[in-house]
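In the two complexes below, subunit A is the common chain; its partner is subunit B in one and subunit C in the other.
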Partner chain A sequence: MTADAFLFWFLAALTIISALSVILMTNPIYSALSLAMTMVSVAAIFVTLQAYFLAGVQIIVYAGAVMVLFVMVLMLFDLKHELQAFTRGRFSGAFKIASIGSLAGLLVGAMYSARINSALTESSIAANATSKGAITPLAEELFLRNVFGFEALGVLLLVIAVGTVALSRSKGGTHARH
Partner chain B sequence: MTSMGTTGFEITVNLIKTVLVFLMMVQAVPILVWLERRGSAFIQNRFGPNRVGPLGLLQLLADAVKFLTKEDFAPEKGNRFMFYAAPVFALIPAAIAYMAIPMSVPLKLETATFLIQGFEINVGIVFVLGISSLAAYTILMAGWGSGSKFSLMGAMRASAQIISYELALGLSIVGVILMYGTFNFNEMILQQQGPLSFNAFGYTVATAALPNWGIFYQPVGMILFFAATFAESNRLPFDLAEGEAELVAGFHTEYGGFKMLMFFIGEYGHMMIASGLMATFFFGGYGIPYVSIQDVQNFGMNLFGSEIAANVFNTVVHFLCYNIKFGLFLWIFIWVRWTLPRFRYDQLMDLGWKTMLPWALVNTMVTAAVMFVTTYFMF
Partner chain C sequence: MPDISILTTITPNHYLVLSACLFMIGVAGVLLRRNLIVLFMSIELMLNAVNLSFVTFSHSFGKVDGQVMVFFVMTIAAAEAAVGLALAVSIFKRFKEVNIRFFEHLKG
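Entry: the complex of A and B
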């Protein structure tokens, strides 16, 4: 086995194990930490594919900022209470199975359509993304060719942020009496 | 990342190098602790530890023995796995991130070339910032795993602070990235060689009096970056996480002995990353002001008369120069700690979100505008 193959199988196993433990762990904090581990190992797979910029951004944004917030908020909860609400009940079990099923369907569908649409793998992005971690092609795609989509996504995120604040405020925010 | 080499010799050396950089980092900690204690004593007009060995230098050896022989204690109500995992994880981000910082000119030995850094990554800045931001997890794990209110409060404060200041930290170096046009540390350092010179409005402005360092182009960025790194490494005046008047010792309240020392090493590791990045971004990295790399090489050739000896000499001299800058910033870290009082929590958040973030944004926009105007308009 070559070094590349070993790295791939090792990282793939790590990713799958940590991704599985996200849903199999009963303690939400372990789940959140496993998700962070999944992010890091996906970033490591990006490194083996020589997409260094993508790996760095993956770690900064997901593992370094988003998941830290998740873990922080989870630690503030009364976990004993939440643990029971999270693991028990027929409804939550059915919900879990349904969501796993739909996600699996989505993945299989995506793979199937990607197999048909093999032109996608030969596009300029895929070719450029692996060229020694160069970021100029990525910037050209984002800021020249797809600038409107990129900006629209930014506006969408802003709308989501404002909406979240507005919703939580209308219900009394952190000072709400239940 | 360059590959680990083609010949067995190169691969072996590169593997040893990664271990060596880590050991270097760990070994620098006792010296820094000594400097911190003696420095604080000097600033506060005391003696500090001066009994064990010359100038108290062996105090740290005695401390290490004490730490190793202490009782291995874990709180009953805590989470044992998290409690033991946190100090181990505290070392990893600091060590891996520091390896990406170049410390000297590459050493050329006949056919092989060795970089004086753990590994080279083309997007070095993104890598270092990303990896060092993972340190927030170790603090959270320690705080939660201890099963103590003080620890949890300290961990919450620390992680909220790290996330807040990461934005200012990231934005403060966008100006630097725009200016150098690269994410690669080595290319940045090579661009800072020689005397100060830049092109503006079709003219070339040059002066031999100043080196071509980033600080002369990005003074605001430098101040913001340095301030944000203090917050990132949880040092005074930003050490709200362990405000001893309120929280005993913050997230490491329950830790003792060597476990606590490992958090210490992690914190000093983040100081070292910050100092290394300061030198690389704003102070020419390993470059020597007024002297080019070729000058040192020629001097070595005259001195020793052989190519390999001159190469080794060149690398060693630049390594020493890097370490002078590196040590200076570490000293400033210690100096500030014993000079400034701690912020209040609302002051900390105000400074991060309402002062540093807007200034960093303005710095980015002004840099971009100035670069555009001076490049595309001619007079």
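Entry: the complex of A and C
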């Protein structure tokens, strides 16, 4: 077994196990920590796919900023172990799990029949990377061809920031006691 | 001797199946959990799975378009988490609980 294959299987197992523990832990803090672990292993998978800059951004934005946000809010709530962490109802639960399983089978079956069989090799991204530097093609794509989307994203972030502050300052909306 | 090339040769298919598994775990979390925060975490899992398949396709086609899309998805995900958590805080202030059991009382 080559080192590449071993690395992939190790990272895949790590990702799946930590993702499963996100939804199976009853204490939300443990869920948050498992989510951070999932983000880090997905970043490592990005490295194996030669998306080095995205791996860095993944760690900074997700494992850094978003996770800090989650953990801060969890600590604000001071949640203990929940009594009803999962939805009730044996029948509806079995139905949900069955539908998840059939959807997963459908997806994997579709991929299996589509079968992109070429072994993972050094792609032309890597060839570009050695000639132009790793980030140059990405920057050209982002700032030359997708500049409108980039600017629109900036406006969206401004709106989101204002909206979040307004939302957290609101005194309960329709539930306000006058 | 059985064919073990599926174990030793990593194709884009492997990454796509991993992404599908991650997505399904996220869907299971959204359907089965009742804590609002864990629901948001499951949504983040699903977005990560989509990012993973974007990067896989970008790598296998040798273009960076997919990676640019991942940037947009990450930004939207961060914004969504911020708004969702602000909503969760304002709901917690009212109900002292973030279990979605209580959300049927949202209307006045």
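Please note the rule applied: the second predicted complex is superposed on the first by the 118 of 178 C-alpha atoms of A that agree within 3 Å, B and C clash if a C-alpha of one lies under 4 Å from a C-alpha of the other, contacts with A are read in each partner's own complex, and residues count from 1 in each chain.
The rule is short, and it goes like this: contacts are C-beta pairs under 8 Å (C-beta built on N, C-alpha and C of every residue); 3 or more make two chains touch, one makes a residue touch a chain.
The structure presented is a predicted model; accordingly, all values stated were derived computationally and were not measured.
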Query raised in the report: Which of the two partners, first being subunit B and second being subunit C, lies in contact with A:Ala44: first, second, both, or neither?
Result: neither
Identify the partner contact of A:Gly56: answer first if only subunit B is touched, second if only subunit C is, both if each is, neither if none is. first
Per residue count on subunit A, the busier partner among subunit B and subunit C is C
Report task. Check the residue A:Gly64 against both partner chains and state whether it touches subunit B (first), subunit C (second), both, or neither. Result -> first
Would you check which partner chain A:Asn146 touches, where first means subunit B only, second means subunit C only, and both and neither mean what they say?
second
Review point. Looking at the overlay, what does A:Leu138 touch: subunit B (first), subunit C (second), both, or neither?
Key: second
*Now for A:Ile100: first (subunit B), second (subunit C), both, or neither, which partner does it touch?*
second
After superposition on the shared chain, which partner residues are touched by A:Pro28: those of subunit B (first), subunit C (second), both, or neither?
second
Check your understanding: Taking the superposition as given, does A:Phe8 touch the first partner, subunit B, the second, subunit C, both, or neither?
Key -> second
Where subunit B and subunit C land on the same part of subunit A: residues 53, 57-58, 65, 69, 76
Residue positions on subunit B within touch of subunit A in the complex are 1, 121-123, 126-127, 129-131, 133-134, 136-137, 140-141, 143-144, 152, 155-156, 159-160, 162-163, 166, 170, 183
Per the touch rule, the subunit A residues reaching subunit B in their complex are 29, 33, 36, 40, 43, 47, 52-53, 55-60, 63-65, 68-69, 71-72, 75-76, 132-135
As the complex stands, subunit C meets subunit A at residues 7-18, 20-29, 31-35, 37-38, 40-42, 44-45, 48, 51-52, 55-56, 58-65, 67-68, 70-72, 74-79, 81-83, 85-90, 92-94, 98-99, 101, 107-108
Subunit C partner, complex, touching residues on subunit A are 1-2, 4-5, 8-9, 12, 15-16, 19-20, 22-23, 28, 31-32, 35, 38-39, 42, 45-46, 49-51, 53-54, 57-58, 61-62, 65-66, 69-70, 73-74, 76-77, 79, 82, 84-87, 93, 96-97, 99-100, 103-104, 107-108, 111-112, 115-120, 123-125, 137-138, 141-142, 146, 149, 153, 156-157, 160-161, 163-164, 167-168, 170, 172-175
